[in-house]
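What follows is a structure written as C-alpha cells; I'll ask about it next.
Order of writing sets the labels: A, B, C, D and E. Residues in every chain begin at 1.
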Amino acid sequence: MMFDDWQAFIAMGGHGLYVWMAYSAAVALLIANLSGLRAERRRIRRQLHDQLRSRAEEGSDASQAP
Amino acid sequence: MHPKRRSRLMTVVFVLTGAAAAVALMLRAANENLNLFYPPDQIAGGEAPVGVGIRAGGMVLEGSIVRGGDSLDVAFVLTDYQGADFRVAYSGILPDLFREGQGILVRGQLGADGIFQAEEVLAKHDEKYMPPELMPLAEHAAGASGRR
Amino acid sequence: MTDLTCTRGGRKLFGSFELTLDAGRCAEIHGANGSGKSTLLRIAAGLFADYSGEVDAAPCHYLGHRNGISALLSPLENLKPFERLGPGSAQGALDRVGLHNECEVPSGQLSQGQQRRAGLARLLLGDRPLWLLDEPLTALDSDGRRLVRELVEAHCGQGGAVLCATHQTLGCSACEVRLGA
Amino acid sequence: MFAVQFRRDWLSLMRAKDEAINPLVFLFLAATLFAIAFGGEPQRLTGLAPAIIWVLVLLANLLSLEALFRRDFEDGTLEQLVLLAEPPFAAVLGKVAVQWCLSGVAMTVLAPMVALLLNLPVGVLPALMLGLLLGTPALSLIGAVGAALTVGLRGGGVLLALLLLPLYLPVLVFGVSATLDTMAGVGAAAQFYWLAAISAMALTLAPFATTAALRISVEQS
Amino acid sequence: MTLKEFWHRLGSPKWFYQMSGRWQSILAALAVLLIVAGMIWGLAFAPPDYQQGNSFRIIYVHVPAAILAQSVYLALGAAGVLLLVWRMKMAQLVLENLVGFGAWMTALALFTGAVWGKPTWGTWWVFDGRTTSTLLLLFLYFGLYALRRAIPAREAAGRACALLAVVGVINIPVIKYSVEWWTTLHQGATFKLTEAPAMPASMWAPLLVNVLGAYCLFAANVVAKLRTAILRQERGAAWVREWALRESTR
C-alpha cells in the first residue's frame, strides 16, 4: 500500500478528481458492458420462450415434431 | 475465353504497376527527409544546408544555457552526448519543459557562422515513468548510457 | 437452377425452387407481388448473391424494372458500348424497336414507353443466349407488346432462351412457372 | 472499357454542366466568405490559406462525389455496368477519371484565384497547384469507394462525409504541409512524393473496392 | 481436408454455440478478476511517478482501453476479409456486434486520456499525434455504425461494413503516420536520441494484468455477442428450439 490512510488514498496527492474520474468511467463501462450482455441474453431467451409457447398453443403436434 | 483472359492479364499488370509506383514513390519520400530534421552530428558535420529553414534537435547541454539579461535572448548548446553539438540562438519564451538535459526540437535557419538561429523551440514530451525513489539511480544510468 | 432457396428480409421467398430452361424455350414467371419474381431474375443475372443452391446460367441480357438508359444520353449513345459485345449495330437495333427518329434525342425527353423500347433494343446487341426480362410490357402500347412478342419469338427461334417475369402473358407459346402459393 | 466509360460520362457531364459545376461554385463562394469574414486582417489569412483551401477542396469533392453514381443507380445503368464491364474496374476508373477532371483538374485550375482571394503569396501557387494535382486523384478514388457504398441510401450525403473524412486525412495533412513548407522556404519534395504515393496506392486498390461496393449496392436495390 | 473441416465448423453457428457456453463464463470471470485486481494494484500498490505523482495511475485504465480500441478495429478488419472472401457467417456476426464495443473502448481511451492530460499537460485536449489518430479511430467506428444503420438489408449491410472496415484497416497506418508526423511537428517528439528507460516492474506489472483483463473482456464480449446473435439468427432451427425447451424446463 502506497498510502498512509484512506484520506490520502482518496486525495491521490491532489490528483484525486482526475484519477477517480478515469477509474469510475472505466468501472462504469465494465459494469454497463457486462450487464448489457446479460440483459440481452435474457431478452432473447424470453423471446424464444414466448415464441415457443405460442407455437405450442397453436398445436402441440407442431412443436413436438423435430 | 480469350477476352476474359486478356482482362485478367490487364488487371494483374495494372495492379503490379500501381503497387510498384506507390512503393517507389514512398521510398523516394522516405529518402527526402520529410521533417527536414537534422541531428547534431549532421549539423556539426556540415551536412545541413545554410540559410534555409530546417529543423534540428538534440539535448540541452548541461551548463550551456546563457540568458541575455533583460531581453528574451537565450543561447544554448544542443548535443547528442556522442561528441557532436551545435549552438543555438533564440529570442522568445521558452517552453516550460525546457531544461538542461531535455530533448529539444528547434526550427529555424543555420547561420554561416554555424550558429542555429531558432524561430521556434519545442520541448520533447517526457515519456519515461519512474517512482520518485528511483530517480537518482535512473539519472545516473541515463548519464552512463549517454556517455557510451 | 436447382434447389434454389432465398430468404430476403427474414422471409423465405422460395425454397427448393427448380427450373431448367432449354434452348429455344421461353418461360413466363407468374406470381403475386412480392413472391420473388424479380429476385429470381436478379439471381439468374448474377445481381443478387444471397441465396443457397446452384445457378448455372448462360451469358445473359438483363432488362430490369429500370431500363438502364441514361436520361442525359440519346438512345444511340446509350447503346454504343454494347456494340462491343458482338454483332449488330446500335442503329439497327433502334430501328428494329421503332426508335428510328428518336435515336439522337436525349433519352430524358422521350416518353416512358420509348425509353422502354430503347431498353429492349439492348437485347438485340451482342449474342447473349439468355434474356432475363422483368415486366417487359410495362409502359408499352399494344404495338410495343406485339414487338416484345416478336422479339421473344425470334430470339427463341434462333435457339435463345427467355425467362420473363410478368403479370400479363406475352402471348407467345411459353411454359408457365408459378411462384408463391 | 475505360475509354468507353470515360466518353460516356464525359458526354453526360457536358449535358448537365450547370449541375456539375456546383462544387466549383461552392469552393469559390466558401473561399469568398472566408475572405470577407477575415476582411480586416488579410495578413492573418495568409497563414491559414493553405488549410482553408484544402479543406474546401475536400468538401467540394464530397459534394461532387455524392452524385457520382446516383444517377446511374436510379436509371439502372449501374446494373448494366456491373453486368457488362469487363474488366469492371476499368469502367469504374473511367467514371472516376471524369469526376476527377472536374474535382481535381478544374479545382487545380481554379485554385490560384481562390488563393489570391485568401491572400496567399503568388510564389506559393505552383506548390499549391502541384499538391492539388497530386493529391486530388486520391480524394476521388477513395471517395468513389464511399460513394459506391452509400449510393441509394437515404441521408447519403452526411454518411458519405462521415465515412470519407477520416480517410481523407493523410492527403489533407501532406497537402497543407507541402504548401506551408513551401511558404516557409523549406523544401517540400517529401510531401509531394507522399501525395503521389497515396494517389498511386489509391489508384491500385480503390477501383477494386469500388467495384465490390457497387456490387453490394446494386444487389440490395 | 481436416483443416478445411475445422474451418467449416468454426463457421457453423451451431457448433460454435455449443462449444462456447463454458468459454464465455470463464472469460467473463477472468476479465472481471484481472481488471479488478489490476485496478486495485494500480490504484493502491503501484508506486507514483516521480514527475506526475498519482495522476500517473490513470495509465492503468487508459492504456488497456487504447490498446483494445485498436485491437477491436483490427479484428473488425480481419472479420471483414473473412466475410468478403469466404462469406463466413460468423464474421458477419463479429462485424455487427463489435462496433459498439470498440467505439466505447475508444471513447474510454479518449476520456481517460483527457482526464490524464489535464493534470499533466494542463489541458484536456491536445491535437497530438496519438490523440488525433484515436479520435479518427472513433470516427471510423461511427462510420461503420452509421453505415450499418443506413442499409436496411442485413446481408448487404454486413458486406458493406466489411468492405469499409478493410479499407479503414489499410488506411490506418497511413493516417497514423501522417498525423503523428504532422502534429508532432508542433509538439516535438519525432526523434529519439536516447531510449526511454523501461518502467520498473512494480509499474508495468499491474498494467500487464489490466491489459490481459481487457483482452479477456474483449473475448468475453465476442463470445457473448455471438451467442445471442446466433440464437436470434437461428431461432427457427431445431437445435435452438430444443435448447429453449431445456432452458424453460429448468
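A few notes on this one:
Everything below uses one rule, namely that a residue touches a chain if its C-beta (ideal position, glycine included) is under 8 Å from a C-beta of that chain, and two chains touch if they have at least 3 such contacts.
Everything quoted here is computed from the prediction, not taken from an experiment.
Which two chains touch most often is answered by the contact tally, and the pair is A-E.
The chain with its CA mean position farthest from that of chain B is C. With respect to chain D, maximal separation of chain centres occurs for A (centres as means of Cα atoms).
In terms of their C-alpha centroids, the spacing between chain B and chain C amounts to 66 Å. One simple way to say how far apart two chains are is to compare their mean CA positions; for chain A and chain E this gives 17 Å.
The mean-CA centres of chain B and chain D are about 33 angstrom from one another, to the nearest whole unit. Note on chain placement: the centre of chain A and the centre of chain D lie 45 Å apart, centres being C-alpha means. Within chain A, contacts with two or more other chains are made by no residue at all.
Taken residue by residue, chain B touches two or more other chains at 34, whereas all remaining positions touch fewer.
Looking at chain D, residues 194, 198, 201, 205, 219 sit in touch with two or more other chains. Considering their complex, residues 86-87, 89-90, 181, 184-187, 189-191, 193-194, 196-198, 200-201, 203-205 of chain D touch chain B. Note for the complex: chain E touches chain A at residues 28, 32, 35, 39, 43-48, 53-55, 57-58, 61-62, 65, 101, 104, 108, 111-112, 115-116, 118-119, 217, 220-221, 224-225, 227-228, 231-232, 235, 238, 240-241, 244-245, 247-248. Touching chain D in their complex are the following residues of chain B: 3-4, 7-8, 10-11, 14-15, 18-19, 21-22, 25-26, 28-29, 32-34, 36, 52-54. Touching chain C in their complex are the following residues of chain D: 4-5, 8, 11-12, 15-16, 71-72, 74-77, 79-80, 82-84, 215, 218-219. Across the complex, chain D is touched by residues 84, 136, 139-140, 142-143, 146-147, 150-153, 156, 159-160, 163-164, 166-168, 170-171, 174-175, 177-179, 181-182, 185 of chain E.
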